[in-house]
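One structure below.
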């Protein structure tokens, strides 16, 4: 075993750590070669403290947690080093001994509450299982204890929900169920592996608060795995930064945030969007980019104002409404409808970025798709670049689509895996008959260069690119038709922080040079703050607040806007002790009966262009 | 599992609706009887004699029913239900004196009225009997007294006696016979040595001894007909002792069975002729020389010894030589050189191509025969394309009389040539699929019908056979032998040339 | 649940009507005259005409179909051309025989398939997995007629342990069950394996392990229960295929089932029997599918009876 | 972001995981598939078997020791010998030569019927899934009707209509395979249709025909190929089953199923007449199935097996 050269946390004088990991190296087998994905990791988790492991995808943070639990597949992985939990080296335990440690001494919650519960058993039974496996309990005792646990994790009407199945719970509630299950045997250590990543920001806030509260109540230690610096700042006492399988820096969270020395730490921190960092600015701002090797800040050009407010808007949406029918009964009659988008209006000007923010199900993506008629809206008028979109026939619609292009969320899915990327980029151009193959080739090469790729990559396939590169390709493809508007539907949400920053900068660059208008759909308030000119907040299919970015962020009026903003974790460890006092609630459902008549809405103008929904 | 329970319920639902009706239980089958076990390839279709059109069905029906007259082993017509008979001077009315004291299985007495009922029934339009024509010669039936019945024909009809031995004309109980076909089959009432025990169609049929039988009582208490379609399966059952008697042993198995312990082979020359038909209305078979060429190109001797393992009887005439009065005509000798010469003379020095239609699985080794003939004809330059439509389509095509060349079998239910020759050889015959026309033959066929003198009629029939042999509208390959397998301890199974089997004297020792 | 069943049942009607029309048209497209086959090949023209009339075949096709539908609506499937027996009698026992064979093969195939499937999934990629995989690939590669004949040669001829054909005792059921069930087991084994492997890679299995459950509980309780959900569908489909595909096995083992009856009836142009039996099999097939759907929904609480 | 594998000096291990912004050199898809296939222990032996059969089938007329059609009634049912390595059949024909020539027929059976079925089924299913709505409902109802027909019996009825011949048997097998491909193509289209890259095409204003051909088809193709390989194996089995029932290849064609049917009556006296053609079917179909198993691993590990 190599002598460790990794940084280590200072040994706690007073109490011995709950978990002590030394020289952990985990390797995976691929194609008969063992490749280490976690190398020489050593750290401690002190009693009652929260230690966060933070890193981007592929950094080995999740593998670390699974190595501790010994939940990795035996055949294709092996673990070296010591993992000391409460005095015993987990690595030396027999499988059966290890099984008894799991759930009793250390338990774990996972990223995907949707898939982490067995869909075919009632949740009560699943929690009871975690109890009875470690100590014998009668049925009624187990039931009582489960209800107590459900109460503890603040699930309303716990007793009545005992026999419900996971699919009857929302994501946030499921994560509470997972936590209840993890706490069943009062473990000394809770490992939380990205427990809030899949959740909406308001729900994330609730769950983080819950973990903190429970930690105080039960006095357990938490090992928190996350990619989100904001979450780290909010929850962790100590923090380990991982990069490509190794810990590059560790220490008390404040130290890392304020005095992080490692270039990667600084690169990471500089790329993290910070809500409220734009106060006093009206124009968007590029993300600072720090070189991972040197830690040097790359110089950022200024952003000039591109918005052409004086011209008529390039996209104008009036009273747009989109619904999805719900059928049921013997003859599949229409019985209800999802009111996904309800009577929304907005304008988008050349060179402007209008962001639509909101949580899942608020109708923001439906808005984006309706604007291009990928979804047929129920009513409303859409004018793009002079075309009345709703009136267009099929060929005219195809022509119209040259003016408005989309970039989607999932960079891995938005490129046809069976098509060379050059072909994919050229395709729309050729399909619309805008020029010869040679011209297409030249234009594609030019655009690829423009988005930061190389023209000679055109013959490669999507799988040969990383997520960030693919998103650049998708942007290049969207630009092939010289559109006036780009609808970016969660275009940067799935990217790692550093990549996200780069792609955002790219979008800003392109707007600067091409005068593009962006309809930027996102749930990420911090990113939206950084790159928007104007912001619209959506809730249950309606715009509840819209206005210039500075006005909305600095002077939020609608209660929902405020709630949303207060829920965003701020990457500032000094605010760690604050609690939000968010109530346990969920997004309401936009499903309405057929008889539902949408109320007439009125907006109040707070300042120029800053409108807030009344009532 | 709820699955299985649901399935069971579903099954029971469907089952009770359908199964109960299907177990055809007539009189109670006595327990503990060890029946004679007979494995046959095909199930009976009906137990109503007047609806029988096939041999396997006839084999069951004739255990239960009897005709007025039946041929003995020498092929002579002897009385069964009729004790004696005489013909009127004008040869138009036949008086039959019936055996007395006989009862049908349902208790109805057998008498002249029953005979009249039976014949009237088959002739009635409403009956829609598929073989109503077998009584076509009959003009009317009169009851003279309780035990005397007079059958009148429209014109003098020599083959009447033989015709009366046809299984379609077996006598049935008037009280049972008011029901037809399927309904009658539930409780058939004949006079035979056996009555119906139980019938599960498609599977098994048991006949039990009729203890009130007028003649010599059946040797076995019961005979069980089991349907085993697979030839090899039947043979294996015989070898393993699961069956006492099996029908239609494939020729190839004969040698094997002959050497097997505890098993014996019964071989009986039959009435069935296997022949290759040629269509005289299609080229090149309109040319006699071509037809002769084909006759000389087919090595019937080799077919018989090779394909048939010598199970069959050689001959050239259309009627089997075991049929009383049939002519003994030698097959065309195999002579490919002559054949080629004839083809050249007919203008086909390089042969020709022809479609040859064959049956598969209907006659013993029919497909192999077709393939062997194909190879033999190839040697004289005739390219044969084998076509083997399934029998339903084949029979429809045959009856349109458009098939140029075909392989077919021709049986004889009564052993009298009149019936089959009229169908197959007469220019108007429905079974004359090759459009054979010869005025002399047509005339002779009409004459023989009214020729009641046996010797004279036989000469007329011989001439018909000889003439048709000379005209070569068909090439007879051989007469099919029937091969039954029996356990060594089985006695008394009578396999008849008309393909019937009698179990009355059969028993396991 | 009731709405679901009612809707599914109402969807079956057009399918069955479609099947009945197609069957009716198809069998009338088959060349050959049923009257000739009933009367016998060398029957006289008069005999054939009489038979044709008595079978009602002299009427126009549309009328024949109308009469057929009218009769079926009253539960009467007519009489067999060949035997004159009511069609329901003709096919009742045969259908039941096929059901017995099909069920027995499905039960055998499912038991064997699920057990080997679970074992191969648990011990995946080892020698056991490989050998079961090889055997099951062999199982689906043997034509049923060859498998049947081979089993017959081995168990009946050489070893003499089992009867050849017929259906006198439960022993008769063994070889046909094996013949039909072996490929079935192979398919179900592979489905179970892949389904269970997929389930074992699910997050909730990891959760179960993280709870400290015993591996046997993890696999047996959390794994198998979920893995069997898709298997139910396949078993249902297999049952359907077995009913239709049993014809070859029925032929080899002289099993008096409905498949063989249909083949014989087609050969004899026994239209009423063909119509009714194909319709009955189609009905069975869709009912089994419905049943598996219901089961699927019972097993998987996520799917509501909408 | 530039790449730097090792921040900690002195660590001998290579860069561990696929890193952001790393791009691997283009490797040909075929090579990739072959590499994946090697994960299945059986794929290569299976492929080798199929390849050998293809070579034998192509060379059959030149390497067959005897004329496969020449009969010799003096040399019937001879057991295997140096002269006739597989023995002779019921007409004294050389079984080895017949098996060799029969390989062509079996391969053609599989390929022709599956190609035909794909040609009809795949576009139908793709259009049904892509267009959706009423078109989809109508097409799916028709497919339901076709699927409700009991399996092989549909093929039997079709062959009865068209008349028994190998070509018609292949057509029948194709027709009854059509709904399987239609369903698969529809299902895959439905899921690919939801992929963002299809939405991207639509939002780029591309024609539906182009989206179907260039974007959807390539992405459902691997699933289809895997199914095709499986179906080729099944088609060979089904077509030879039909021949076995006398509904497929006609005499004197050396189709293996037909050879088995003819040889069945002789299996007690001369088992070699069934063993060799039967063994040939098993071997070829096994080869295809082994190959298919590997193909499945390489192309579509999650595909539901049927």
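For this structure, a couple of remarks:
All chains are identified by letter, namely A, B, C and D, in their written order; residue positions are counted from 1 within each chain.
The rule is short, and it goes like this: a residue touches a chain if its C-beta (ideal position, glycine included) is under 8 Å from a C-beta of that chain, and two chains touch if they have at least 3 such contacts.
Note that the structure is a prediction, hence the values are computed from the model and not measured.
Listed by label, the chains that touch subunit C and also subunit D are A, B. Looking at A-C and A-D side by side, the one with more C-beta contacts is A-D.
With each centre defined as the average position of its C-alpha atoms, the distance from subunit B to subunit D rounds to 47 Å.
The distance from the centre of subunit A to the centre of subunit D, with each centre set as the mean of the Cα atoms, comes to 44 Å. Rounded to whole angstrom units, the spacing between the C-alpha centres of subunit A and subunit B is 85.
Annotation for subunit B: residues touching 2 or more other chains are 230, 236, 389-390, 392-393.
Looking at subunit D, residues 160, 163, 264, 267-268 sit in touch with two or more other chains. Counting partner chains per residue, subunit C shows two or more touched chains at residues 30-31, 157, 251, 266-267. Against subunit C, in their complex, subunit B makes its touches with residues 2-4, 6-7, 10-11, 14-15, 17-19, 21-23, 45-46, 48, 51, 53-54, 125, 128-133, 136, 180-183, 185, 200-203, 226-230, 233, 236-237, 240, 242, 389-399, 410, 420, 423-424, 430-431. By the touch criterion stated above, subunit C contacts subunit B in their complex at residues 30-34, 36-47, 50-51, 53-54, 79-80, 82-86, 88-96, 99, 103, 107, 152, 156-157, 160, 163-167, 232, 235, 251-252, 254, 256, 261, 266-269, 287, 291, 295, 298.
Interface residues of subunit A facing subunit C in the complex, by the touch rule stated above, are 69, 71, 75, 95, 99-104, 107-108, 110, 112, 115-121, 129-130, 133-134, 165, 167, 178, 181-182, 184, 328-332. Listed in rising order, the residues of subunit C touching subunit A in the complex are 3, 6-7, 10, 125, 202-204, 206-215, 217, 222, 225-226, 229, 299-302, 306. The touching residues of subunit D, counted against subunit C in their complex, run 41-42, 141-142, 144-145, 147-154, 156-158, 160-161, 163, 233, 237, 240-241, 244-245, 257, 260-261, 264, 267-268, 271, 274, 278, 281-282, 285-286, 288-290, 293, 302, 304-306.
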